[in-house]
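Look at the two complexes coming up: chain A is in both, with chain B in one and chain C in the other.
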Partner chain A sequence: MALPLPPGLTPPEIAFLCEMELVTVIPRQRLEGLELLGGRLPPLNPPHRTPLPLWLALLLKRQRRANILPPPWLSPHSLSAILEYETKNEEGFSPTPRLPPLPSNNSIMFSPPFLPSSTAEAAPDALPYHWLELGEMLLEAAADDFEDSDNVRKLLQGLREVRMSKLRKGVELLDAEGGIKMNGVGGMEVGEARAFVGGVIDGLRKIVASREQQRRDREKEERENGYPSTADYDEDEMEMQ
Partner chain B sequence: MGSYYDVDAILTDSQKVPCTFELTVSGLGFLEGNMSGDMKQGSKVELPLWLGEMLALSLNTSSLVTLDPPSALAPRVMNALKADPRMVDLRALAPHFYNLGTRILEIFEEEEITEVLNESFKSRAAVIADQAHNPRGALGEGADFMRGLDENERQLFRAAHDSAKAVRTWMTDLKKK
Partner chain C sequence: MALQQRIRGRQAHAPGSTFLAYTPNGNKLVTVGVDNFCRIYSTGSDDEPVTIDDCQENNSAIVAGDGFFIAGSEDGVVSRFSLERNNMEEMLVRTNGPVRDLALSPDGNWVAVASDDLTVKVVNTRDMMQIQYLRDQPGPVKHVAFDNSGSRLTVSCTDGNIYVYSLSSEEPSMIKKVDGMIKRLESDAEASSKVLWHPDGRAFATPTPTREIQVMSFSDWERQRSFRTKHSADITAAAWSPNGAILATTSSDLTLRLWDASTQTLLHEYNDLKATILAMVWHPTENILSYTNNDGELFIHTDIVPSEHASLLQKSLQPAPFFHDPSEGRAGNAQPKLTNGTKHTLPDRARRAGTPDSLDDILGSDGISDDGVDDFVVDDDGAGYANGYGKRTNGHLGALQNPSSKRRAYSSSSFRPETHEAFQPGSTPWRGNRRYLCLNLVGFVWTVSQEASHHTVTVEFYDREFHRDFHFTDPWLYDKACLNDNGTLFSCQPSGDAPAIIYYRPHETWTTRTDWRTELPRGERVMAIALSESYVVVTTSTNYVRIFTLFGIPLRVYRQKASPTVTCAAWRDYVLTIGNGPIAGDGSCQLLYTIENVKRDEVYQSEDIVALTPHSTLSSVFFSDEGDPFIYDSTGVLLTLLHWRTPSQARWMPLLDTNLLSRLSTGQKQESYWPVAVANRRFHCIILKGQDTHPYFPRPILSEFEFQIPITGPPKEKSEEDEVMEDGDEEKGRKANREKERLEHAFLLNSTLYLQLLDTITSSRPSPHQRQSLSDLEISIDKTLLQMLGQECLAGEDRGMKALEIVGLMKDNNGKMLELARRVAMRYGREVLGEKIGELAERRAAQIEEED
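Presenting the complex of A and B:
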């Protein structure tokens, strides 16, 4: 009651989490490796490409100490292919990047926040979890590192609209039995849709609550009125043994 | 159901439902504007939901009044909702239409009304989302629809609008840096 924020994360919080993603930079100045709490950062030796967390990459870019290499899925070619897929497939969203094969020696599997899904080696044909935030931030800070930044911006906007309208249409399909497949929805999209989708589900739950209660009462009554219940079966089996 | 401090639950409680008195009660005539007289058996009065529910259900012996479904849930309204949920002005029927509906459904078992409410809530929610993301829609051709939203739907609209606005604000803040 005291917390003024709605449940879930606000857009700046989602963007903050996104800054942990690794991106590839081309350094212009030397920088020795940094020992940080989150782990060791590799030394920068121009002109060798190095993976860095987004927050540091943005900082170096603003200081003109490095250039950022946009991930391959953020190219006009890939984006228009994904956009076409999204418009053609009315149901479902474009698939997420494939996970790497399981490491054979230990059972620890890496999942999205710890996978390099936005470096220069990332898959070109799939949107990672933080696609919208990362795309917007890179376009803002490093527009000159893109080949065709205006086109990329336009395609991102188009993708966002197509996917949000799918999310909104999905509430019409919500029911006790089913819902919409939300695989591949990104972090910022979840943050944006959470309040609305949650509200709809809450409202529907309230409307059918009385029906659920009646159904439960009826079942309970049937059980008490001599219909064979599971408890009886258990007793029979016990006797046979 | 709702929390003790839930304003919407309190307001739902105060919505009127038609009741018929089964007994003659002396001195209750003021409920129908008859200041000094008695409440006659069989007279119909609009009572707030909390009072009507209490009088109709809590006495184990013969009940004092019988509840009738309110006009907001009449078959005429249900048919209109079945035909096109988007054209019905729920706010004019009852400001807390869905809350009233659920309270009434707890008393009367009406599978069909549950189904109709469920379907219309869903299809209206889709329109609400479109309006919330389209800044001109709420003022232009959507104005009539927006005026007819009940309290639950208004909260839904506000939630959808606020989150869309938060993302937009974040994007414009990004440009200022």
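Presenting the complex of A and C:
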């Protein structure tokens, strides 16, 4: 009995993960600092900028208690530069944001939810892991905080299409035990690609499997006809597959 | 003049469109029309005009300079004629389509040709090989007009837009496209869309589609006042009188109207016209308006301005009809009005260099006019208008370098010190009909001037829940405001008999609201106001500092030692006042500040110097949220005052140089920073793009910057190629170097903040939070030093001396840090260093014991 859901993460789940990201808000109301499971949230004091997790920022934005500052890479200028890079370079994706220098004597690896990749101080020239879902969510909930939201929406759509077509093109190579370099691919794109990449791989496996079945049937017939058998060897190979 | 002489038309040309021009001295008047000759009339004589024959037919434009005139015709020929020999000299340029308009630069060297071609040609009148092409407009051009300096050309295109070009550079460039001012017109329409530069050069006017004359200021492209002409048909011609006091308009409804420029009211109307006037020119000096109509007739209308208004024409150059004159200054301190003589109660300071509307600034390298603009407005009657508006003073050259203009001969003294103009921190000057009175981290106060003589003041807060926004109608015309968490303070200037008023409005109280007003003595002007949590401070034009309590009780009045006063700031019990002091080396006054504690009646710093670099000015002064004074100057540096509670120990310390910000390191951005506040050890400002000097509406968002003491240059951005090319060692070395710079900066910054906080704590009852942050700072200083020590130890044995010095810098209040340092040295195997650190620790311990 298979789960009704496809394998991997569904888009809502990816969006949920994305809500851990920190964004910068300009509060319009005071709020005491909150002690939460995920850590302490700084007190809000208008008009001081404060980094908050996206889920809380969206909540405050919907209640008109804060304005969200879009990260610098969501400006039309940066997006069009990245889009140009993506369309010019046929292979590979635009580079991910540079990691900050590791704090010394600290072995904890820093990864996106704990990096300020979407705050107002983020790098303007690179898309972070959650770029698509974060951009969509901000455009949906806080379009009035963008300078030129229509243009941003257009550019995001353009970026998405360019990058998805690259991913699809990559799948064509999968046939001959090739691989795709997926550096810089975002979370939502992985989730989206999983559906059809998985489908393609499954399909390939089925084709191979049916061919295998045929061969096995043929060999069985041959064995019954008294030919020398190599079945043990074959079966081992099957298990290895 | 009871029997007004009937104005007789002169049949200058065959019936049809006729145009005219005066020579700059007004002696001669030249007309062209449909027939193939030009006529030259002499002013004041009724003789038959001189006729020049060898001319094209169907002339459509004419301009006249000294000793020559230039006519353009519908067959596309633009020719120059001599007024001395009365013959045609040469053909200057040919266009493909009919010529529609000509404009001559004020110096007579360049003529702009508008035609049905898409490009506008600007031809040198002496050398027709020198031509500049203006190609940004998409359609045929109906009118062209030079501004008074000759460095800018406005092009009225048939697509309903005005294109403004700057001709001061080698290659002309379009600086602005103004849409919505003029009507779309066919290029051969009788109606006009000509840009009329006001003679004072700071504004221009155009006929609008609604038959008004709309004035637009040049510096900020804001619409200013407009003349409701009530013409029943399209305006066909309009002209400013030579001093800008009167505007004449006419339209195809066969009326000619004269308007007072300052009030936009109708002075006189002539409705006995027979045909539509197509061109209209004021005589440069006399009360004559000459015009030609579409019937070939020329009218030289003497005494056009009725005698009851004729005095208007005698006035010196009048300011353009702005809503609020930009020269009123940053804080709306209206300069003394234009008066005869150069007496100023307060010597005015020249406009700051770098404002976009300072002509001299833009014209620094003027490609067109050879002798500059200084001579254009010649102050030949000593009326002072050449510098009354601060435009023509060469302030950016400094006061000591008095330029060799004609002004010198008339000014009584060749040297006049420049005083710093008074300003209100956090306010902006009028732009259009609005301005911010106060902008800080609590909220902002802005005012809009309404049609009638009142303003509407709005107070908005960032924290909408804590305070409620409010607005009110303001008949007193408040021009300064302060805002904090407790209340809002307003002040207005005296006008007529009414004295200046101070108005305090608390946000909320536990009784009924107790807002109060108090009047200053008659004639005393408010120069700056400040509001703290316990006091109200007012500095006035009589150099008094007046301190009130929050309930309006006058607490102290004293005369400021440094005068004239510049500004003031207040925080809790501390009051900081700034005034002009003795003259410094650059010829302008040094600013002196005084800080006092009102409650303890104690002066901390008396008449100490505000450290500014030569030729820079103070942009803002404020207290941070921790109560330390900060200034921001016109060079973009934020400075704080260290040790300001100890007399004569105060020192100005730069905490941020905005020129070194990494965001500017690419060199592509052109932006400036408008200071708002310092809070949470960050500099809050508004980023202004391009040439803007002040924030405007809608309110831009605040940006914050970390402090960055200018030690080294901005971090260099590496290009990608470099990264690839670098060897591992080199990369490591650079990284270490950057890390070293970062640590050094952190050390210096934290030490500064530590000293400041220590001062604050020792002079007041510290809160636990302050104690905590002091010890945090202490630890972070020592930590930074430990990291630096680690780096030095890593670098090698020979760096031991420096390592020991770093250890010597440690605060080490708990005695553990030196032990830690010794351990660090041991870990890197620096035994000698470790021993020396041990000795140091012992010495320190012994010292402490001795002291005990």
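In the analysis below, the second predicted complex is superposed on the first by the 200 of 241 C-alpha atoms of A that agree within 3 Å, B and C clash if a C-alpha of one lies under 4 Å from a C-alpha of the other, contacts with A are read in each partner's own complex, and residues count from 1 in each chain.
Note that in this section a residue touches a chain if its C-beta (ideal position, glycine included) is under 8 Å from a C-beta of that chain, and two chains touch if they have at least 3 such contacts.
Since the structure is predicted, the reported quantities are computational estimates derived from the model, not experimental observations.
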- Is A:K154 in contact with chain B, with chain C, with both, or with neither (first, second, both, neither)? neither
- Message: I want to verify the contact counts: of chain B and chain C, which reaches more residues of chain A?
- Response: B
- Determine, under the contact definition given at the top, whether A:R223 touches first (chain B), second (chain C), both, or neither. neither
- Query: Regarding the shared-chain residue A:A195, is it in contact with chain B (first), chain C (second), both, or neither?
  - Reply: first
- Looking at the overlay, what does A:S210 touch: chain B (first), chain C (second), both, or neither? first
- Task: Once the structures are superposed on A, label A:R168 by its partner contacts, choosing first (chain B), second (chain C), both or neither.
- Result: first
- Footprint of chain B on chain A - complex, ascending: 6, 10-12, 15, 136-137, 140-141, 164, 168-169, 171-172, 174, 188, 191-196, 198-200, 203-204, 206-211, 213-214
- Query: Mind pulling up the chain C residues that touch chain A in the complex?
  - Reply: 441, 461-466, 679-680, 701-702, 704, 735, 739
- Item | Of all residues in chain A, those that touch chain C in their complex | 26, 28-30, 45-49, 67, 69, 101
- Task: Please name which positions on chain B make contact with chain A in the complex.
- Result: 1, 98-99, 101-102, 105-106, 109, 111, 114, 117-118, 121-123, 125-126, 129-130, 132-133, 152, 155-156, 159-160, 162-164, 166-167, 169-171, 173-175, 177
